[in-house]
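Going in written order, the chains are labelled A, B, C and D, and every chain counts its residues from 1.
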């Protein structure tokens, strides 16, 4: 049995942790927030009657496997302060936050949720993955108050507060997997697209969140924004490459995932509401499916419009609609109207990538993604390179192999 | 005269990889109370004979929930289920009954809200179409 | 004996009469109300009762928390009862005791019908077969051998080109003729030929990795002619050999000819275009449906090509190529200009990855692996991606299943090696014998189950002359059950009778006219 | 094997009109394999009948059973009592089984639930095709292993008719291959084309259906 440290509890981290534990190893997961699972938990299923292979359900399975495993312990609200080499082992120290939930002991009885005076505890339950999460930003213990209400209420003794709000740890492990995920591009930077300013302009991530609860996107009514209440949008535009393939932003790389999520989402929306007008404004459609040509042909058949060229600006019309400034094929300015505009925002390196690199002695590529040349430290998932869920899973398994070898 | 179908007379057979996982999240939802909810390993386990037998023995309707196509853990199960539902529907038509007493829905483990909608819709359909 | 554990945590307001009535109605069945079944005390309580009362099955009744897989695992471990002997039902919050008893009774009756399954322990062979000596195959063989598995690599062409590690046995030319058996012990018939003499040997492998390389492309789909319309791969050779004066004024590179291509083709096209442009100062036009740059460094390469003066035409799919007096004319719909364009060039290079695949189905048939809509190995099912196949312990990677993009080759090889390791490092596979059972008296040996089982778990037992299910390969889906025309197959944990019992219905068919309502 | 398909439901229901106790009797051999009358199909038809009767408010007793083979007397023993209780048996065997069931139970009405089609092979899962006509004197050896009596719509023995086009038969150019094309192709593969030069004499059809009901007596098998 060996001991491994997995940094990040998203798709890649969860996959590696679960698989390593199943092979008999002890795995520590460090998660910087109080919530397991990373971004994938806010993604929606993009199936119609047939699956579009987005992998969100698979990601839930992988993370659930890891959390349930008795040999996996999760340290949330964690931060690494020091990394040392101890012969063949790597010694990592830092702190994690209390209260800490032992996810493989928690029985989902919800007593802690009721007991928490600050309402900091919530529960996630979807796709067979169920766990309890703590918001450390509002937790009283973290605010310096004396509170152990959740731990006292837990009949399973799955919540620990020993050691105060920040508890120090030092682990010596045989290998480290860094899977800290990614940030999304902040579209406020591209002010002309109206994000944050115009109701009805939302990011792909926000659309995912809405569509994981319902199968329509809300049109802005009376100035109301990305709220799920409201009337279904009848016309939706997806603007691709927002913050990707853009040298002016020093982001001239493809984010790999936006074509996949936008096209899958538009297929799902169109199948549920065949009358809907959906247009995808794009530069190049990336090939993301194992059998892609029939997939794209299906979108054409469904009547999803593909418009080459990225709108340069989004404005509000006199009514409640949004007007996109585009170039027509002759190069003349034209406009197109939609109810809702989804900005397919790109992938950015995770917050703290530089810190992670300096702690472990890793390199950053020109865009800030992590790379490792060290034998005992591997990088997997989107913190190394933008990639989809299935690729993240594959990269995590490949990295895990290098660690066990 | 229309009567309300008693929930207990509706049989829902949920694939344990999709519908069942979705059900577990919303098992206490009022919409789902009192239904006969059963876990099956895969929608491909269901065959026409079983569906007809359930109806024959008093089920008001059978809702089968499987994974979206190409998402079946067992690869072919939901395609097989679709064919077998067609056999059951043909038999119901022959018997002079409503072929929609059996229904197949494809949804993923993440779609508990759609499971609830599917159940409510099926209940509503049976309520509207039950005669006595 | 099945014990019923009723969680009363949501019934605190219920009068004790409720419980009394319920207990009375369930007389004769071990019945244990407890305050919080989902809590560890509840689990300990159940475990203690299981011991004390010699229970062999558990029925839990309460809220939806009891349905969670994780909870089932924990109570299963604590009580020493396999998951198949545990069931849970949700009681509506305001259920009357009669209603609750009705629900419990049905579930109880169903649980009683589930047999206790034995566990079989089967050894997992520590030998691994890798099919294909391309980069992916060779790398996989090295990775697998490095993990300590005895590794055999077969290659259909002789001699095998790979330089796998010294501890990899290489057979070439050799092909896989058939693959039977179960994960951990697959019998592979290998066809080798030595000095023109064919030989067949049978070897047993614990796991198999198929990395057979790209299926052939249907080259009839494009009008190839030497010196005018050539495969893109040949253009790279020409760049090395052909002197500058022999290059025509304009070279066209065509991608996405029939099917959408990926990053590998895009990278090859960009590199060739740059080389022709920079070395020979010739005009280069790349015609493609979309520029596929979804990988590290490709966008920069694309920028570089544009700066160097390579022209890009984005077509709407299915461009046409014909010969002309000057050379070759490529015509297509330009989706940027929104008009039809014709490009006359001296040489057109077409990527064969954009042609329809003409897959050789013989390997798929021999290995028992399903194909996707392109005719490549592995169905396009998200649960299989990226490396699993319809047979447990048989893995597919590389160009035989999809795009093999150079930087991902290593990853795929490691992914496959990891899967092999995850299976075989267990050494012993514990199999609960809850697989599909065939009633030999009913079986008409019609082969339906053998043909429909997605996992190749069904075979004909030649001695017994009946179908037989391989417990280790069976995934307990029940597809065969529904398909068998003789109703000879049952999935013991999900038999018809069990479904009927849970629905509260009579097991035997109603012979009377009207169903008992 | 003998292949069959189920009759339309309306026809079956019509035959059963007025019957009050019906036994559906499946056959566990040929019609099971061709998925027309095995235990599964018996169950589906029985349920359909019960549901139909229930809908109409008829009180008809529908019993179901499947025996190994309906063309052998001994297999009927297990259902003798249930046949006696029924006022009609709806047999899901081929025509042989239906008749033989009537011979075993002379006092019981036996009705066919299937239309018997042909002697065929399973060419793919769910697809059966005719391969033999039971003519009583097999000529396959002369035709490269392909039977002209069965595969040629007109049972021609000396080459194709004028209705053979592009390898298809004029009877149904969509789905029927020209038997003579198949014969030619196969004989070419086997290098036997010269055998086709020989003229096949008139065939004696009396060995088959045209000689009256067939009967085989195998002396050494007699008790």
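Quick note on the criterion: a contact is a pair of C-beta atoms (placed from the backbone, for glycine too) under 8 Å apart; a residue touches a chain by one contact, two chains touch by 3 or more.
Given the structure is predicted, the values throughout are model-derived calculations rather than measurements.
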| item | value |
| --- | --- |
| Chain pair, most C-beta pairs within the contact cut-off | A-C |
| Chain whose Cα centroid lies nearest the overall Cα centroid | C |
| Chain A-chain C separation of Cα centroids, rounded to whole Å | 25 |
| Whole-Å gap separating chain C and chain D, where each centre is the average of the chain's CA atoms | 40 |
| Separation of chain B from chain C, taking each centre as the mean of its C-alpha atoms, in whole Å | 27 |
| CA centroid of chain A to CA centroid of chain D, Å | 61 |
| For chain D, residues that touch 2 or more chains besides their own | 40, 43, 47, 50-51, 54 |
| For chain C, residues contacting two or more additional chains | 68, 380-383, 452, 487, 509-510, 515 |
| Residue numbers of chain A (touch at least two other chains) | 51, 53, 57, 128, 130 |
| Chain contact topology (line, ring, star, complete or other) | other |
| All chain pairs that touch each other | A-B, A-C, B-C, B-D, C-D |
| Residues of chain C that touch chain B when the two form their complex | 63-64, 67-68, 90, 92-93, 99, 106, 370, 379-384, 390, 452, 454-455, 475-479, 481-483, 487, 491, 493-494, 496, 499-500, 502-506, 509-510, 515-517 |
| Parts of chain C lying in touch with chain A, wherever the complex brings them together | 36, 38-41, 43, 65, 68-71, 73-74, 143, 146-147, 258-263, 289-296, 298-300, 303, 314, 335-339, 372-374, 376, 378, 380-383, 385-387, 401-403, 408, 410-412, 414-415, 417-419, 421-422, 425 |
| Footprint of chain C on chain B - complex, ascending | 11, 13, 23-28, 33-34, 36-38, 40-42, 44-47, 49-50, 53-59, 70-77, 80, 84 |
| Residues on chain C engaged by chain D in the complex (per definition of touch) | 442, 444, 446-448, 451-452, 484-488, 509-515 |
| Complex contact set, residues of chain B against chain A | 18, 21-22, 24-25, 67-71, 106-114 |
